[in-house]
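In what comes next, chain A is part of two complexes: it sits with chain B in the first one and with chain C in the second one.
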Partner chain A sequence: MSTVDTAKLGGGAPDRPPPIATVGVIGWLRTNLFGSVVDSILTIVSMVIIYYAFSALLDWAVFNAIWEAENRRECLNINKETGTSGACWAGVIIWFNAIIYGRYPYEEQWRINFAFIVLVLWLAPMWMPRVKEKLVYGLSAVVFYPFLGAALFAGGERGLFLQIMMSAAIVFFVYNCVNALVGLLSGNDLPDTLREKLGIQGKSDKAQRNILLAIAAVAFAVVFALTFTWTVPNVTWTKWGGLFLTLVISGIGITAALPGGIVLALGRRSQLPVIRVISVTFIEVFRSVPLITILFMATTMFPLFLPEGFTLNKLLQVIVAVCLFNACYMAEVVRAGLQAIPKGQYEAADAMGLGYWKMMGLVIMPQALKYMIPNIVGNFIGLLKDTTLVSIIGLFDVLNIIQSAISRDVPWRGLHKEPLFVGALIFFIICFAMSKYSQHLERKLSTDHR
Partner chain B sequence: MATMENARGKSGGLGHMLYDERVRNVLYQLITFCTVGFLAYYLFTNTAHNIEARGMSSGFGFITQTAGFDTDFKLIEYTAGQGTYGRIYIVGMLNTLFVSVLAIVFTTIIGFFFGILRLSNNWIVSKLAAGYVEVLRNTPLLMQIIYWYLGVFALLPRPKQSAELIGGSLLNNRGLYMPSPIYGDLFWLTAIAIVAAIVAVVMIRRWAHKRQDLTGQIFPVFWVGLAVLIALPGVVFLITGSPLSWEYPELKGFNYQGGVRLPPAFLAMLVALSIYHSCYIAEMVRAGIQAVHKGQTEASHSLGVRPGRTLQLVIIPQAMRAIVPPMISTWMNVVKNSSLAVAIGYPDIVSVFMQTSLNQSGYAIEIVGMTMLFYMVVSLSISACMNIYNKRVQLKER
Partner chain C sequence: MTAAMEAAAAGREQIDSSASTDVMIQMNGVNKWFGEFHVLKDINLTVHAKERIVICGPSGSGKSTLIRCLNRLEEHQEGDIIIDGVTLDSNLKNIDQVRSEVGMVFQSFNLFPHLSVLQNCTLAPIWVRKMPKSEAEEVAMEYLERVRIPEQAAKFPGQLSGGQQQRVAIARALCMSPRVMLFDEPTSALDPEMISEVLDTMVELASTGMTMLCVTHEMGFAKRVADRVIFMDGGEIIEQNTPHEFFDNPQSDRTKLFLSQIIGHG
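Here is the complex of A and B:
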């Protein structure tokens, strides 16, 4: 203030720049690293720690690492000769395919890659701002994709039901892709464009709808007929493994947990005592015990629960257990989201004359979902990490491949650190990316005026 | 109008009764109850049928049967071939609680340390703490446990080349050997003195508070309390003639004898659980302290309270309100996650009871039920404590 005044009054010296110690790189260093004596000491200590940690890590993982070797003995010998300790990546490289695909036959692995690409393409439009009705993409993926996945992953003879659902999935997939493409190019959705191209806008709404439905039915019939004789060799679940199995279990777990969690959370907040008590008991029992006990329960007790002659394989047992377990955690996430909605919203919906399901579906849930997203992603990260527990009961997920398959393979016996490092890295990349994305989403959806 | 409605309501019969909310509520609940009840009945009959068909035995008689296997680590007396399955249950429970309680203590300390580092004004320190949190939080706990077990504690030197630690402890690939205390005849007097000192400190604290309320004078409770805590038991200990000696582990043949042995699996569990959960606590501490409004610090400073006292009297009490509830659920997670010990063979309840005992005796339902019961009791008691705490610290709004 005063400087401006003097400048005006006397035409004296111009404004001097701020002291060099408070701006630019030096200023930043001053305030953030060397603010005081204690600060400076801390900075230097941290730098020393970082230097030693990183140089040791880089020496081990990169500079002294051994990339080519026949077996672990050779790695150890090379290390002894050079007098260094480097990572023996050779074993990991040889086993890398198994870390990703498990014991899935090599020539059939394209199926997994293909299914993964299909899923990415299916869901990609949800991230495109110009595409409308994103819910359709998500819901259709949840409902139909599992059947396509099952047909591809397991292969073998398909039943009629699976054939129908798979054909529907293919039709939906193609529709979604074309719809998104058309939407991106013209801003219209596919049905509108078809109406235009076929020149049927003049007809009544009902006639238009019937024509479109007929097209869909023809497409379905064509796909059904084309794929009817198409089969891929059967790969039993015992060969599934690696990151693929981890993603299958956690993917099914999270998609089944969300609806289950919503139902349980609504039950817990219900006015009706019987429904409330049942929901609370179910949620609290599953939340108070560790996942591993539930997995053990699934493998030992599910065979007893089911009628004679009806058996679930171990993979299905695990998936059911994971879904039940995770639904209870999801229920608490949903409940927290519902509790964050002010009572006025419920009252307003009541005053509008909406019934219970309309109130929940149109007013409460869309708002609550926003609060729930960070926790849902957090839950998914937790589930992904917890999926490693299936290795304890003998499924060959990433950890089991790393821990037992590699270190029990004769040439690589005792190779622990390197595969564990790679496994940890895989999980870190996936989980870190998801948590960063959820933070981004949280900021994007936030409507607080801060 | 009203009469018309009434008339219709009466003459409507069953169809209209469905529009009455009370009727509908009862109906919904009845349907749910019947469905769940039928499901339970269905599962129960299936199970009963299957058990009979497979010739499995059931009931809790197996608890008094002797178990034929030994555990690597136990806190109570148990011998293979003589101890019962019931005893194994207790051994497993105590092992779980032992590692969990120690891990909870360490994880809380480490978590607070990193949480405070995370809040540091020093850019590099806070980033270092953030990196620590992110790396630990985004990798699976089971992987970390196996890393600590196979990558660290299994690679320690053999007993002959043990690393010697302070206080006569030894670390090798058979575990951590520590001297065990041997209590003399009059040691109980020292124990009583310790209790008496604690009681005295609590009373001094109360008195000091009362005096401060009345006169405004501050009494140095911390230093006086520390002096009492050290001096009273110390004097009693010396007067009774130092009735405590240590038994040191000694190398006999290929292994150490004597002292207390903590197996590598225990050490790996303890380290992995403490470090993994500390990153969650660090985040809670950070969030909790950041949640205290800046105005609180400014108000305190404007009242002339020094920064150290501000932290102690204004910030921490308010931050604790946000930190404690999630921290207690992390503690609960520590107890639950200690069940992963089964992967590396630490004899916790899941490992010795739910796995080994179940495989040997075959009483699936009873054993699964008893194990789950244990975890449920622990969880429920911890959440009961949390509810009491929440009631005490809740803001009392007028």
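Here is the complex of A and C:
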């Protein structure tokens, strides 16, 4: 290693800043928009076209829009009077609650809002750099949150199993929040801080763990007892609708698709013939049939496969169908990621005696996920948009409400453009956010490999 | 010749006598086919504990396949392979046991790019030998010092040179305290100036009494360190002898042809 500082060897020209016209905003404008005469003309022509297109859109959407009206007739009259064409947002504003919540009773909608806030708070620590063990937050949310959600959204009588899982979910949620807070403030996690505060660090590892588990058990029992008699009115699934229903179906679909896809992909690559044949059949059947056909088949054929007396309501049938459908697509994405890992990695893990599951979990999957992310998120975005198909079998998701409910409502009959515009905007916001998160994930994971 | 090789040559008598009489690896009538292609033909090989074996031969002679059969990366269709008393067959428990006793170093290093150097070395001890993390890290640092790159422990494989990566691979294999080390052309993918640092590490390892089977083209290494040189061609073991006898007195015509082609190496 040379320790000679070449700069001190003398000589060498001093650094100068680059000319203004080649860097920064002006530089970008010069190279990209005004690089040559032809480029400049094209830029000016494009800008004129964009201006005309967007000014018309802006006029319709913002400047001439009607924000308050009783019905569509009134909107049309206002437009006729002012001689302009303005969007009749009034109809959408009046229907906005239904677009988001469907026919969920207004006084119970706080449960949906509350559950949503809980989910955000539950997952928020995964974005914070100082927090340790981020995977626990995600996994505990996947396993326990659905029960809390079910208890809140559906309400009504709770069976023992649901009561247990809901209490566990509440305990986990509180634990996560406190853990994250402690992590942010002191850099430790909650178990370590508790060990300090209780002064039990002297005892053996096993004794310490048992004490902490005992505290957790007590907390669980307290929550269980407190919530045992707490009920909320039942809201049947037929009233669920709007963006809420869309997010429930796609949320469950997304959460189930990835683990299901991993299982099917590993099954497809397995050496055991029975497992391989089952996996391949599953994947190929679901990939060869359009989702809408599967939804129809699910609602008509599912009862044939279930034991006597065990029925699923239409919403559950749809959710199962969507989960299976997406698991099969996800399986192919996972398989592509697994194939991208060089054979040498499998061999090195084998040669160490790691065994199949440890090899997959510690060596292969962490590397493969990096390759899979663009496709996984793409699948999720597709899944979110595909849930609009449930409107065809009579579930009132956001598109059904936008397309049919509003324009069938007597005061607003014929209102098509404005609700569709809002629907497109809602989907764009959600899908674009997912896309941006995917890019963030890719950047984060590829720097880990440097 | 590197310094370590000269020292090894000087201390040849001490290294020689460490080969014991316990049989570590026994291969009886081993045959292997890739589909229709007969790649290993009637291999009979006995390796004693602490013996250092170099296997050489032309491309496609089955040398890599042979050592890959020893840790079941390849399956043999006929014959027996017995390693340290454990018969290698389709019994998964036997396979796992053999793999934890046999360490392997690959031509393309095969380090895990998503883990740091230290994590690469502690992965197997923690998850296979169930060692506590702190103990595994101590052992790993010890071996990283032995291969002379302790300061790289926190780096990722992508940040290291080829020679450093291969030394990490050797340390990683050693962390499991194997009884046998297999080397599959460990220096073939390295730039010439990095070959010597890896060979030095292997010579130092040999001097500690590790049983080693090494597929390599580095004849200088074979001359200085090997107890036995085995020449393979067309899936058969053509000749095996001490290095002295092998290089100066080849018996078979095929051996003579091979040696004449690599004359000047090492």
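We adopt the following convention: the second predicted complex is superposed on the first by the 407 of 450 C-alpha atoms of A that agree within 3 Å, B and C clash if a C-alpha of one lies under 4 Å from a C-alpha of the other, contacts with A are read in each partner's own complex, and residues count from 1 in each chain.
As a convention for this text, a contact is a pair of C-beta atoms (placed from the backbone, for glycine too) under 8 Å apart; a residue touches a chain by one contact, two chains touch by 3 or more.
Everything numeric in this text was worked out from a predicted model, so none of it was measured.
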(request) Would you check which partner chain A:229 touches, where first means chain B only, second means chain C only, and both and neither mean what they say? (result) neither
(message) Is A:355 touching anything from chain B or chain C once the two structures are fitted on A? First, second, both or neither.
(response) second
(request) Using the touch definition from the top, say if A:363 reaches chain B (first), chain C (second), both or neither. (result) second
(message) On the A-aligned overlay, A:347 touches which partner chain: chain B = first, chain C = second, or both, or neither?
(response) second
(request) Could you say whether A:204 touches chain B, chain C, both of them, or neither, answering first, second, both or neither? (result) neither
(request) In the overlay, work out which of chain B or chain C sits against more residues of chain A. (result) B
(request) Examine A:424 and indicate which partner it touches, taking first as chain B and second as chain C; both and neither are also allowed. (result) first
(request) May I ask you to decide whether A:381 touches chain B, chain C, both, or neither, giving the answer as first, second, both or neither? (result) first
(request) Could you list which residues of chain A make contact with chain B in one structure and with chain C in the other? (result) none
(message) List the residues on chain C that touch chain A in their complex, please.
(response) 71-73, 96-97, 99-100, 102-104, 106, 108, 110-114, 123-124, 127-128, 156, 158-159, 173, 176
(message) With touch defined as at the start, can you tell me which chain A residues reach chain B in the complex?
(response) 31-33, 35, 39, 42-43, 46-47, 49-50, 271-275, 278, 285, 287-293, 296-297, 300-301, 303-308, 381, 385-386, 388-389, 391-392, 399, 403, 407, 416-417, 420, 423-424, 427-428, 431-432, 435
(message) Which stretch or stretches of chain B touch chain A in the complex?
(response) 25, 28-29, 32-33, 36, 43, 46-47, 49-51, 53, 120-125, 128, 134-135, 137-144, 146-147, 150-151, 336-337, 339-340, 342-343, 350, 354-355, 358, 364-365, 368, 371-372, 375-376, 378-380
(message) Applying the document's contact rule, which stretches of chain A touch chain C when the two form their complex?
(response) 342, 344-345, 347-348, 350-355, 358, 362-363, 366-367, 448-450
